[in-house]
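One structure below.
Per-chain residue numbering starts at 1, and chain names A, B, C, D, E, F, G and H are given in the order in which the chains are listed.
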Amino acid sequence: MSKHTIKKFEDKAKVWVQFPEQCKSCGLCIEVCPKQVLSWDDSVLGHFGRPTIKCDVKNCIECKLCEKICPDMAIRVKD
Amino acid sequence: MSKHTIKKFEDKAKVWVQFPEQCKSCGLCIEVCPKQVLSWDDSVLGHFGRPTIKCDVKNCIECKLCEKICPDMAIRVKD
Amino acid sequence: MVKNHYKILIAGEGGQGVQALCHVLTRAAFEADLNVVYMPNYGVEQRGGVSLGFLQLGKEVIGFPKFEKADIIVNMRDRAIDRVSEYIGEDTLYIYDSDLITGSELRDVSAEKLAIPATSIASSKLSPAVFNMVLAGALLSEIHLLSRRQVETALEEVLGYKYKQKPQLRNLNKKALEYGEKLAREAYEPVGRKR
Amino acid sequence: MVKNHYKILIAGEGGQGVQALCHVLTRAAFEADLNVVYMPNYGVEQRGGVSLGFLQLGKEVIGFPKFEKADIIVNMRDRAIDRVSEYIGEDTLYIYDSDLITGSELRDVSAEKLAIPATSIASSKLSPAVFNMVLAGALLSEIHLLSRRQVETALEEVLGYKYKQKPQLRNLNKKALEYGEKLAREAYEPVGRKR
Amino acid sequence: MNTPRMPKVLKQESKPSNFCPGCGYGIILRVIGEVIDEMEISPRTVIGLDIGCNLLAWNYYDLDTAQSHHGRVTPMLAGYKRGQKESVAIGIAGDGGLYAIGLQGLIHTAHRNEAVTIIGVNNSLYAMTGGQSSPTTFPGEVTTTTPGGKFTEPKPIYGPELLQPVASEGAFLARGTVNNIPVLKSYIKKAIEAQLAGNFSLVEVVSYCPTNWKTNAEATIDFSKKLESIYKPGVING
Amino acid sequence: MNTPRMPKVLKQESKPSNFCPGCGYGIILRVIGEVIDEMEISPRTVIGLDIGCNLLAWNYYDLDTAQSHHGRVTPMLAGYKRGQKESVAIGIAGDGGLYAIGLQGLIHTAHRNEAVTIIGVNNSLYAMTGGQSSPTTFPGEVTTTTPGGKFTEPKPIYGPELLQPVASEGAFLARGTVNNIPVLKSYIKKAIEAQLAGNFSLVEVVSYCPTNWKTNAEATIDFSKKLESIYKPGVING
Amino acid sequence: MANNTEKKISSGVKPKKELLTGNDVLLRGAYAAGADFFAGYPITPTTEVLTGWANAAAHDSRLEFLQMEDEIASGFAVIGALLAGKKAWTATAGIGHVLMQDPLAVAESYRLPFVMYVGQRGGPSTGTVIYSQQELTLARFGGNGEGLRIVYAPSTLAEMYTYMHKAFETAWKYRFPVIVLGDGYLSKMQAPVDVSAKLPKVKSTPYFLNGPIKNMRNCFSMEEELVEHLNFMFKEFSEASKEIVESESYQTKDAEVVVFAWGSVGYAAKVAVAKARKDKLKVGLFRPITMRPFDSAAAIKAVARAKHIIIAESSAGHFGRIIRETLAQNTDAEYVRLYKPAEGITAEEIEKKIREVAK
Amino acid sequence: MANNTEKKISSGVKPKKELLTGNDVLLRGAYAAGADFFAGYPITPTTEVLTGWANAAAHDSRLEFLQMEDEIASGFAVIGALLAGKKAWTATAGIGHVLMQDPLAVAESYRLPFVMYVGQRGGPSTGTVIYSQQELTLARFGGNGEGLRIVYAPSTLAEMYTYMHKAFETAWKYRFPVIVLGDGYLSKMQAPVDVSAKLPKVKSTPYFLNGPIKNMRNCFSMEEELVEHLNFMFKEFSEASKEIVESESYQTKDAEVVVFAWGSVGYAAKVAVAKARKDKLKVGLFRPITMRPFDSAAAIKAVARAKHIIIAESSAGHFGRIIRETLAQNTDAEYVRLYKPAEGITAEEIEKKIREVAK
């Protein structure tokens, strides 16, 4: 865990954060999100040089399923 | 099975036979005989130079338990 | 680079298609009746570990599947920089994906370098998946024993089953090779490098 | 047999007490401050296979736990005849249980022999179980470095726990040793053999 | 919010890990880490690894760790625990390491009720060597050694169920899944509690191996659901 | 009446056998011989032996036989049978060979449902090496490695029961005893029938080891009855 | 017949060549010999032998395939299959090779035609999955016995084909276990190779259910029985050895520097020697092909004029020990080590060493 | 410090002697060293080590005892216990020794103080349960690595005590696996022996839960990593070797016939040499005590005046190969073999051979 870039998506109190260096672009988070608010983000590449994740945080319900499934702790949803 | 001595105990049609060379003097037959008609026979030594078995054939009921239990096929009871 | 024999080291990370690329080039060399030996070299990680391909092709007898110094290194990954450094010789040409490796990371690399923005070209013009074919194109432009057509034929054989499922891949690969060759040519011409 | 060192091979069948006997003699030799090495030698059968005990005792340095030729062989079993034959040397004395081995079975054995009816003596006068102590007595009469008393003491140590359970065993063993010695002596005197 | 929410016991500098994208190992290892944090046992916890993709976890934790050989983590850990009874000994192994080459050791360790915790990662195949059939490859599953689908055995091997008859009363045997993390976590906690009470514990975890399954995220989850339908999560003993 | 009643398939000149007086192996081997005779399968029967007292049976039958290594008769036999499908392959091993060092092979052979028959001789200890504790040593039993009685495991290993969950429907798993020869014989017959129908079979047999039990005839039978009370005879599968 | 040859370095691509990996080639060699049974357990770098056979078996019912629960079981399944007369084999590496010594000991005792390919990887322990020449002693003497086994060491893909086939031939002819000792590079590398040669199918006969009753035992009760058994086997082994030993002596007649190398390093050495010869350096190569039995006579002959002996091996003395033991008092040449444990050795490195020594 | 000594043949019975078997003596040596953990599996001729320990553990709660399901598990349990800082050991023989190479490979890679007694029995395979010297190569190089282990070969019961103790000392001091390589005769024979010497308890420290975090791996992803690891170990091993090597050169100064023998045969050879010396025969003995590392310098020195070298071993060349390799060009003496695989060799036989050769 050398670098620490942060991508933050906020909506009022809701904060959805991604750490691109940790993201291996597996897509599991997109898959498990019950609100389907996550999608590929071609603009920032992850650990393997592939797209990371962006969040349509407005519709996020803070269920944290994405954070929990992420094998690489690349997502953090504010408590 | 080199030699073939035979010890025969007969009473009418009943024939109880022992083959001393096969007998290892384990005593299992004596133990399982329901009529307790078997006993040690010091006069004939078995495979290990120890006593073989004699049969009080009069009281033998031909159940063949001795023949069946004998691990060394040293007993034969007439069918 | 005009030689009658090439020692090529292709490096990247598991999952980037290093070995697939080697496979295709080996096949092409084979079809071109060249002597060729390719040896994959990677650790236990199925993805992510450094992945190397040692490729020797040309007209000389190949004594051993590994070599000490490469004529050409193709590097797809910053994380492979350290590992390939020992294979850099005096005349080594170092081709790399300048989207995944920055020039400054190669600061200490003394070899002559050829920066190919393979990922960005592939992503913007074709598909991110074929970035390695862009690098292959650049490599090809340096190997005078193999033609693009031969590589395309090899691709046909190696990826035939994939082409059936995804016919558009054929064209993407073809284009990627072309882009690579073009980028390599352009990268040089301005500085008038001896080829 | 007067020597300052003895190589003794005790042979029989698993279950006959070959090793127990060796044990006792080894202990006796140890208590007598002799050099002694005893090595058991048998196969995988827990009972019935040929069982050998190599016992060396006396005043010489013992180089190896096995030897080539025995000074004395004690054989308890016909089935061990073949196995011990290679250990018969020019001056070997061959003691055997003449109830379990017939003289004719030893026809081809060139050694000087000492037939001890150990089993019948033990069975008739003592208990069949101590036949091996009868043989031990005979053996003892040939070993001038060990006294009967020393063996009895050794028996005490080795079989102490058994003696507690079966106190009569002590006397049986003692008697058996005596019988053995006596038998051995008698066997010789008539023919006036050099001792 | 500026750093990943990572259990304290994880070694930060080795992240991201060496596991493939989407690999279930990452989830399982993190959950183990969370449990260690929550139980506050890190000063006395050691991790034993098998040989299989789990070996990649050799520098995953800020804990003492040792790789063993393929299939041998269980006896190694049993020996360790006997030597250091105050410790918490956690072993991590694959289905091949546990149910093929390491089955004997696993059963006997359970039978002797050694106080160790084994986490068994069920990805239905030999992942590290490239996807050969394993004891948990299910009927019909295609692997590199069952090219037409696995048809030799009528049913796969159910690890915790197999251990059940030899296990002690206090032993904890369960099967979790990465698809249900809260339950998985509770099982791992119970397993360690069983160890602390002097008993053996095994938690098999239905995991993901997108690389050898050759699945994208969607298909990965589908495949794992299929696995779950065969390897039903739940407590088998304890 | 002038010769012993010996199954035809036994090698006459190797009798009496190398087993100890009163050893249960003799009974079991004879019963196997009777079954082979009665089923008339001797021309196609081969015997695999483990290492344990069973190795002494290497010249017991007038059949092709081979010793393997301790614990390895099962995989050897599985390989043989795959190579010669018309044969009847019978393996004989002790409880140590089957449930300790050979457990892995046994379970996987059962799991793959290899068409072989294994006769497992349960004498509750390692006989050939002089009476150490084995997986079937029961709680409290004194052996040379459990001088105070075996107290480490709450229960011994029940072989056929342990195999049951991995075995196929057609597999035959049973436990007989030398104290009930007619039933033992019927089990062995059923086991071979299962093999002929293409299935795995295991018959564990509660046996006698007077030498290591240090028992006379009466105590031998008593001890074996005690064993039977722990290892209940019966059919476990099939 | 002992077989000490000098083979030409083949160059140029022949029409019949195919592009294959070493593991592919092994399978071709085994098919050519008529192998019909494989039992194994996956391990890098030989897993593709297992998976390749699995694939072939899925399409050809004559090929028996058993993926076992471990290497020991695999070896014993092979032993069983051999008793049934199958041309059975397995493939492994590293720690799998260590475990395989268990069944191999039985195969030695019974003189079974057990055939095994080993793709050496880095050691000790799990080491690397890649390459080494560190399993030589293990292959030659890795049991609790006297190394009654044949070990072939191919140096090129072409030889992988020839010797994989020959392994079955030798095994069934002389009835000793045969190991083909390759390495991870040889297993994994891909190159054009001609595997079109029609080699004879090997004949096999069942041990069991085939004529006189066989009672096979590896456990002897008495020392004398084992000694008799051993003496018989030694005699047979040493007689067979005369016909089995193979080596290559290349340019050794007048060589003052002789390189000793084997396996894939052996081929690199040959290329190096050929290059050095172009500069008129008096250099030669001795390359054993059978690592056991060892062609001692040829090795001694090869150093007749040697002043320097270069030992090149990807290990720390496994090979050198054999050479010193073999040549012992038969040479005054100075030994020069090129030991690179668990690393490859290229022709260039060897050539450099030759030039260093030769001057 | 290299330890090449000439020990007197002790004769006469000392007051402190006890009557013990070799296996008993081993236990005494281990207790003396403070051994506190044993995991094993029964196998003749070393079973009494296991049962003896089991008995002791039943009365002393500081002694941990684990009867495992097989040898491999036993070895791995020992490895685990070592990580916990236990002075852990095991004992085995024959095929068990073969299987033990699996855990031993890990111990080599981690440089763990793994202590093991081996009582050699006849091989190959199950062989006999009795005696041989056929497991020498296995003990020295039986894994997939480079033999990074120490092998002590005691020749008498007294040495069984000393070296069993020393095994723990060396293991924990230098952190390499140590094998005490005895044989079935040494294990089973009974003789008076003095085990009263108070030897120091060996200090051990836990690897785990003891200061800085340790992440131990035996699997390296890249070749370079393994090479680095190996080079470090070679350096350490060769440095430690200087202090560890031990041998006995007896009457070699002017010896024209030098007997090479080891283990129990080594002691027989000594007695033979002593006898022959009484007749003024110029004969000596070289007996390695560490079979690995090998005291090459002393061996070479011992043959300075040798015209004949007699190699006596209860195997078919395991030892002879080492001698030829070690002496290589350092002697012109003629080699005479006294190879008796899986059979004992008595002092008388060796003496006879000496007289044959000396005349």
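Note that in this section a contact is a pair of C-beta atoms (placed from the backbone, for glycine too) under 8 Å apart; a residue touches a chain by one contact, two chains touch by 3 or more.
Predicted model only: the values in this text are computed from it and were never measured.
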item	value
Least hop count linking subunit D to subunit H through chains in contact	1
Chain labels contacting subunit C and also subunit F	E, G, H
Higher-contact pair (C-beta pairs counted), C-E versus B-F	B-F
CA centroid of subunit D to CA centroid of subunit F, Å	39
Centre-to-centre distance between subunit G and subunit A (centres being mean Cα positions), rounded to whole Å	53
Cα-centroid distance, subunit A relative to subunit B, in whole angstrom	86
Sites on subunit C at which at least two other chains make contact	15, 41, 43-45, 47-49
Sites on subunit B at which at least two other chains make contact	24, 47-48
Touching two or more other chains - residue numbers and ranges from subunit H	44, 69-70, 95, 102, 105-106, 125-126, 128, 130, 218-223
Touching pairs among all chains present in the structure	A-C, A-E, B-D, B-F, C-E, C-G, C-H, D-F, D-G, D-H, E-F, E-G, E-H, F-G, F-H, G-H
Subunit G contact footprint on subunit E (complex, rising order)	51, 55, 67, 69-71, 100-101, 103, 126, 129-130, 132-133, 135, 144-148
In the complex, subunit G residues that touch subunit C	9, 11-13, 17, 19, 44, 128-130, 185-186, 188-192, 264-265, 267-268, 270-272, 274, 344-349
Touching residues (chain side subunit A, partner subunit C) in the complex	24, 42, 48-51
Touching residues on subunit G, where the partner in the complex is subunit D	219-224
Subunit H residues within the subunit F interface of the complex	41-44, 47, 50-51, 54-55, 58, 65, 67, 69-71, 95, 125-126
